[in-house]
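You will see two complexes here that share subunit A, one where it goes with subunit B and one where it goes with subunit C.
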Partner chain A sequence: MKVAIFPPNSLILADLIERRGHKALVLQNEIRKKVKDPEIDSPPFNLTEEDPIKGLKYAAIEVPSGVRGRMSIFGPLIEEAEAAIIMDEAPFGFGCIGCARTNELCVFYLRKRGIPTLELKYPKTKDETTELVNKINTFLDSLEENNG
Partner chain B sequence: MSPKESPEVCKDDHTRTRMIILGPGATISQSELTQNLHMMELPLTIKSTCYGAMVYGDQEYVDQAVEKARKLDPYNIFTKDRGFPPGDPRRCRGHRGAAREGYHQLEKEFKLLGFVGEALKNPQKVEIEKPEKVSVDDFRKIAEKSYSKSKSSDKSSKILDEG
Partner chain C sequence: MVKIAQISCGTEYSGVQKEIEKAASTFGAEIVIPETDIDYIDEAYEKFGFNCASSGIRLMIARAMSIVEGKSDADAVFIATCFRCAEGALVRNEVRRFIQQNTRLPVVTYSFTERTKADELFIRMEALVTTVARKSILAREKQEGLTLGVDSGSTTTKVVLMENNEVIGTGWLPTTDVVGCTNDGIAQAMEGTGYSMDDIEGMGVTGYGRLTIGKKMEAELIQEELSVNSKGAVYLAGHQKGEATVLDIGGMDNKVITVNDGIPDNFTMGGICAGASGRFLEITARRLGADISELGPMAIKGNYKNALLNSYCIVFGIQDLVTSLAAGGSKEDVAAAACHSVAEQVYEQQLQEIDVREPLIQVGGTSLIEGLVEAVSDVLGGIDVIVPEYSQYIGAVGSALLVSGLGKRQE
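This part shows the complex of A and B:
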């Protein structure tokens, strides 16, 4: 099954999903399309004027173009997802997802999809990490059972 | 690099970059990992890094390499996709003069990899509780409780003011 993850570039979530034979819908694969497209004029400024227009499907015109641009990348991943794992309170400030409003919008759309969703908190201790890993594995196994 | 095929021959659509990350409890070193990857003789670009290794090439071969690499130490080898090819001047820290953007998140998650490896080694059965909505009656009780609390604190602050 295709499993959307949040944060969409999480190593732990992507790795655990692949270990159970599912496909993790990660942000990096979408970014690859952007950075390897020879038609984009001036990478790394690879957000074209079409992207905020695509983002209009997910966010209104009043919303900053940065949010719409990000949603044009995250949106297709959310639509493709058959299940989702959301990790709250993850250290978002790093990397290319340091936009709080986009994060909120992504979580909102994932919840709205009505697909099987597992919501967890980013672990800080050993016990929390063990619980997180076991919960994720149980959730992924239950997806297999439901899917036949 | 293997003599079979150079990565330039691969079509762009089918190429993948994979980061292979060694957990803190890994029984092999970065150089051993890289050596093992080279020994597979797959047509891939292999780069040894501080966290493990990076492989780049056709998706089919990258998947094969990742599968075999995992078997070296199943509980302590983790993998992740990467958007940019290895050594890309837009991301390579050698050109940028600082750590690449994704490195900081990787550093944060690396701190938990040891615990993740241990949890994978000793799996336990857990039950996932479904979050339930708060009932109207419970919500009313909470609201009334907080209202009476705020009222009593107002009274005590008034007494303090007067005193």
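This part shows the complex of A and C:
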């Protein structure tokens, strides 16, 4: 199944999902498509004026361009997702897209989708980490079963 | 090459990063990103003390700290955040203050949208680069010798002749042919002084026509209006140290510049609505059968609350004023309402984009309309508004001041 993650660029979450045989919908793949496009020359991500305009689908014009630019990439991933894992209170190193308002909007849209969603708090101890990985694995395996 | 450190949030996701870099390179500068690592972000954030939710904003704080603590090398700083982001606007301003208080680096700030193009950033980047490259000129606080300043504006050409820290002649005329108007303006300024072009030591030019005039007349200083107007305003207002805001409500466009020790650090310019310009007041004066110079004193005697104005528009707003007159309203109240309308719209369109710092120095031709000055102060909650002498010649005075010491024509 296609699993969206939050933060949308968390390599650890993506890896856990791939290991259980699902497809992780990560931001890096989308950015990769953009930066490989020889038609566009707008470093570093090759986002142009058109992208925040595409983001109007998710947030109105009074919302800052940075939020809409981010949503233009993450919004389609949310729409494509069949399941989601949301990690709350994660430090920058775990994954981060830099903008608190975009974070709020992404999590809200993921919840609104009504797809199987696992919400977690970032672990602080070794035991919590083990428990968290188990929860994620159980969730991912249950998706497989639900999917038949 | 001048290194401009970029401290920003959201530029890469708004598609404007390339425009910023293009604007910098046009003026021979390069954009550099100050060094930070993950641990340093937390350390700097704690030290700075501003609680913010976005990690991109925390990164801005860390980058600013990196410059202040000397971990990154830069000649100037460009601070930018997304337009309409409250957290971004608050931190942008605090980071600006932090850098200005702890370093001698020139800073320029900006709030961008996805529509921001390189040419909108040109004047800011040019101001940053010239502030670095011409530090000694901008430090000048006194005019010496005999110098000429020309402000070749889009609507009017202003000329001043200065001698030993005093304005001794002025010229003012509507701009048509830029070179011809400058020559006529110079003739006006020289008249009665006993001096001719052969006597001046140097000439400084600014305004839209600066490159054409500067080249043609071999001016010693050709400088964008942001630095020149800031310098001219604080010089004439006797406020060369500390913070201030310079407001110029023009005939066609409006400029607001915030300055720190006479050096500009933010700027906003608007010109899409005639209702927020001097043109609105010109039309009002005409409808009142008065000269524009009479409008100010008239407005001071009136009360804007007595003349109902439902629109800022130059068409519908003026109609409201006419209706008010027809209903027996006084000319004074109508004049006051017109001034209040322009001040309110300038506030809503422009002053809200910028952190207004006291004192506010009002300049340009419209600063001579007392009713407008009073309305601006009123709209801003009664802040201190200074209108210096020669306020309509601000760019020309700034040019004459900055070129003094550069001119070698008499040697």
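Basically, the second predicted complex is superposed on the first by the 141 of 148 C-alpha atoms of A that agree within 3 Å, B and C clash if a C-alpha of one lies under 4 Å from a C-alpha of the other, contacts with A are read in each partner's own complex, and residues count from 1 in each chain.
Operating definition for what follows: contacts are C-beta pairs under 8 Å (C-beta built on N, C-alpha and C of every residue); 3 or more make two chains touch, one makes a residue touch a chain.
Values in this document were obtained by computation on a predicted structure and should not be read as measured data.
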item	value
First, second, both or neither for A:14, with subunit B first and subunit C second	first
Chain touching more of subunit A, residue-wise (subunit B, subunit C)	B
Which of subunit B and subunit C A:100 touches, first, second, both or neither	second
Which superposed partner A:23 touches (first subunit B, second subunit C, both, neither)	neither
Partner chain(s) touched by A:133 [first = subunit B, second = subunit C, both, neither]	first
First (subunit B), second (subunit C), both or neither touched by A:67	second
Subunit A positions touched by subunit B in one structure and by subunit C in the second	43-44, 96
Residue ranges of subunit C in contact with subunit A within the complex	9-18, 38, 41, 52-56, 59, 82-85, 87-88, 112-115
Interfacial residue positions of subunit A with respect to subunit B in the complex	7, 9-12, 14-16, 18-19, 26-32, 34-36, 43-44, 91, 94-96, 118-119, 123, 126, 129-135, 137-139, 142
Touching residues (chain side subunit A, partner subunit C) in the complex	41-45, 47-53, 62-70, 92-93, 96, 98-101
For the subunit B and subunit A complex, residues of the former touching the latter	12, 15-17, 21, 78-85, 88, 90, 101-102, 104-106, 108-109, 112-113, 115-116, 118-120, 123-128, 131
